[in-house]
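Down below are the structures I want you to see.
Each of the next two complexes has chain A plus one more chain, namely chain B in the first and chain C in the second.
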Partner chain A sequence: MAPIADELATILRDPAGAARRCLDEDRLRSLTLAALLALAFGAVVFGAVVGSYRGGIQLLFAGVKFPLSMVAALVLSVPAFHGVAAALGRPVSLRAMITLALVAAGRAGLALLAFAPVLWLAMDLGVGYHGAALAAVLAYALAGVAALGVLLRGLRAGRHRITTGLAFVAIFLAASGQTSWILRPYLVRPQSAEVPFVRSLEGDFLGATAVSLRSSLGIYGRRDAWHDDAAPAREGAGVVPLGPWSGGPR
Partner chain B sequence: MPRTSTSYLVAGPAPGPGPDTNTDPDPDTDPDTDPDPDTDTDTDTDPDTDPDTDPDTDTDPDPDTDTDTDTDGDGDGHPDRPPRHRFATSSPRAFLVSATRAPRRPFRLGSEGDTSMTEVARRWVSAEPPREGSADEASTPTSCKDPTAESSASALEHPATFEPATFEPAPFEPPAPFEPPAALERPAVLELSSSLTWAGELLSEEGDARALARRAGVGLALACAYGLALGAREGGASLVVHALGVPAALVAVALVGLPSLCIVLALFGAPLSLGRASLAATRGLASAGLVLAGLAPLAAFYVVTSESPTAAALAASLGLVVGGALGLRHLVLTLRDALEEAGPAVRAWATLCQIGFGVFAVLLGWRVWGAMLPLVGGA
Partner chain C sequence: MSLLDLLALYAVVGAGCAVVVYRRGRGGRARRVASAGLGLALWPLWAPVVLIPDPIPRASSARRGVARVEAELEQALRAAEGSAFEVLLSRASAERIRDELRQAHARLSELDVVLAQPGFDLDEADARVAELAQGGHRRALRSAVLHRDNVARIASLRARQHRALDELAELVGALRSQLVLARYAGSAPEGVGGIVAELWARVEGLGEAMEAVEAVDVAHSAHSAQVAHSAPRAE
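== the complex of A and B ==
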């Protein structure tokens, strides 16, 4: 247990050292194990807190789907990280890149674990649906910043470091956005009678983002303006206010 | 002859009667044993014939010839030499007695005291067998073993079999400053990674024609993986169509566009060899294939899980744009490196040509993909 605790401390306090070990492939076993544990535990707790807004079975669903979404996003992102880094003159071995991404995700999991009590308290104090969604998004974004610290340090100094880092961010946003969209809902209103584990395949992350952007500009159109081949949209279904965080149009 | 004090070879106050403790190896300086008084400039009469009396009480009346250089007061005859062990005595018995009374020091390998003991042992071993009753016999050290003891007493009883310690401390050498082996030095990220990763080897600039061809083939195969991902939306024959369509644009740019660029550059006198152009094409293909293969899982996920064909086409197109752009970047950079030796005017023309080539490559690639990939509106 002590080695795991040491590795967790390394991930939290010394992201540069953790990134260096990933690149040097130095004692990866314990580091990877600690990162996986941190990712799983932090995401489960944070998901359960988000699911507690409705309670009941949604607490379990959200607790399962959060780590599932993060791991899926990592699986989809890492090969792209590897290829893009090599093409930008920063080739890293696939093994090192996988570990680096895992450690970054583990740091994000620890950050989510830290924000979970705050979010729970806010919900307990009666924050509204949109406020809870906004707080959850904020916590998720801060956890992403914590993870980015490891990834950027893993790139080391040199040319195209910022470009590569931005590419990583874009790729991970695309991957996590779609995985989150597929596995929604997470935050469900308390009055919802039934809660599915996942919704049926309706729309997509890019479409929802486009619609949300138009909505933020005050342009409210029909949903099938993007989904030209979709069935006639239901009344009021043209706006997806908070993307993957919402329980979907109701 | 000037004489220096030899008191450092003389034991300290040894109790009891004993022979003369003068161990001066140079008989010329010893007035007691020097047979030739003419050559002895020392007028010292050395009244100290009894070791019971302090040998330091030398009453040498000639200060000019008897220069006591022991200014640090440790009795070793040298101004800065640390005090020696007091084991060098005139006889085994005297040595044993003095040694057992000498203050014990912790054994320290390589210390000054150990060196002295070793020196004594070396002298004892290398010395001629002492003649009976001679002065050498008295001055021969007996042992450098730590005299505790029974072993010493036994040695006194059987001097013929008494053997000194034979340890020889290794000569002190200052440790060399640590220099990591060249293989462990951490060079710049690019060099380190290029030498270690498969991707770095794929994008390497070295290799013969066969190696370049192999890398180009690997790049095209990787691009096929992206095509398979795009074909996963429809499945079946669509897999093959997309798998062939994605690398087709890369091949078209390399086979159609690059020769044209080489011809135009040659018209301006640019020193671009065929080998260098081939290398540029290979690196471009490998780079594009690497990126496209990396994006393949994400693209497959998007095109399969997106409800609308528009979103799937957008996701697929984004990947094609990113992969094609990075491949084109590698190609152009390699060409630019090849033109470093050209003059400024030629380089300026070459830059313009490369810009034109870039536009041409984008248009040609998009034309091919648009024609061959059903997902992005072709076929």
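== the complex of A and C ==
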């Protein structure tokens, strides 16, 4: 376990060194393994904390779905990262790019692990449903910033660095948005009697985002496809501004 | 194509990757099974990392060694230029030495590539032999011992070649300082001539290092074959 512990310390404390090792293809197997472990453990714990808002089986569901969603997003994004980097004149070998992305995600996993107790405490102190969702989104965003730091270091200075970084962010946001959308719900109200592992495949992430944007501006339409199936019966004709995190009755 | 179809396709490709990862994996069975499991579940991320061999280190110690010898040689040439020692170390002879150095480096790089491939780790090959000896798999043990010995010979060749380069670097450094000394302090040209003669001998010996190791390894192989035969009987 000692080498893995060393690799975890490198990912956490020396992101520049970890990025350099990725590009130099220096001992990639152990670094990849450590990054996967960090990602899986951090996401499982954070997901379980989010799921603990309702408790019961949702604790397990969210604990499984968080890492699953992140890994699925990486599987979809990394080949695109590789292609975009090559197209913008910054070619990186496929295995170097994979490890770089995994190290970035592993660092995000460690950041999520650090935020998990804070979120848990907030829930324990009785923060509301929307407050919990906001706190979880904030923690996720900060973990994303930690990951982005590794990716940008891996791009090194030179032409198209910012463009490449922005392209990476855009690709990952689109991929992770959709994978998260497919695996929703994560945060479920305690009153919900039953919780599905995943909701039925209706609509998509971009459509839901558009609905949320309209709702935030006070423009409400008819019930949208991505909305909780059981909600209209409880709410009458309701159209409710819910995000991908949400689920259960209001 | 539905999500389930995609998942089924993903699983089929993953199963193929898992088999390849297991067969080409390093280390003991548990480690290879774990690696194959990751290959099954995360093949787009895990398979390229474990299946594509490591590249030659861009600034390997061998490369640095050759660069050092070349730099020392250039300094020695400058020290000899315009002096009575220019006949002993001319530009043409220096170019020949450089050619030999490059060939030696190319051989080292090839050996590095071979040793970086999955299954070419000496410790792991040893562990595999021990594992098979314990299990009493007699035929498999013989093959594993042969493989382990071949890996040991390749590693030995590499070490020998590397050592020869290091010694050459020291010698060229000594030649350079001797030339400077001879030029400014009027030392006898015999000292320089002796070093140049030894330098040529070492340069010629760079290619022979490979052959010399072969003789040593023949004896080692014979001993290993004995071990391969005796190990199952000991069970």
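By our rule, the second predicted complex is superposed on the first by the 227 of 250 C-alpha atoms of A that agree within 3 Å, B and C clash if a C-alpha of one lies under 4 Å from a C-alpha of the other, contacts with A are read in each partner's own complex, and residues count from 1 in each chain.
The criterion applied here is as follows: contacts are C-beta pairs under 8 Å (C-beta built on N, C-alpha and C of every residue); 3 or more make two chains touch, one makes a residue touch a chain.
Small disclaimer: the values here were computed from a predicted structure and weren't measured.
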First, second, both or neither for A:Gly158, with chain B first and chain C second: first
Touched partner set for A:Leu74, first chain B, second chain C, both or neither: second
Touched partner set for A:Leu125, first chain B, second chain C, both or neither: neither
Touched partner set for A:Arg90, first chain B, second chain C, both or neither: first
In the superposition, chain B vs chain C on chain A residues touched: B
Chain B versus chain C as contact partner of A:Ala193, first or second or both or neither: neither
Touching partner for A:Thr99 - first (chain B), second (chain C), both, neither: second
First (chain B), second (chain C), both or neither touched by A:Leu201: both
Which of chain B and chain C A:Gln178 touches, first, second, both or neither: first
Chain A positions touched by chain B in one structure and by chain C in the second: 75, 79, 93-94, 182, 201
Chain B partner contacts - residues on chain A that touch it in the complex: 75-77, 79-84, 86-94, 155-158, 171, 174-175, 178-179, 181-182, 201-204, 206-207, 226-230
Contact footprint of chain A on chain C as seen in their complex: 3, 38, 42, 44-46, 48-50, 52, 54-55, 57-58
Complex contacts: residues of chain B adjacent to chain A: 188-190, 193-194, 196-200, 202-203, 287-288, 290-298, 301-302, 305-311, 314-315, 322, 326-327, 329-330
Chain C partner contacts - residues on chain A that touch it in the complex: 24-26, 28-29, 32, 36, 71, 74-75, 78-79, 93-95, 98-99, 102, 182, 201
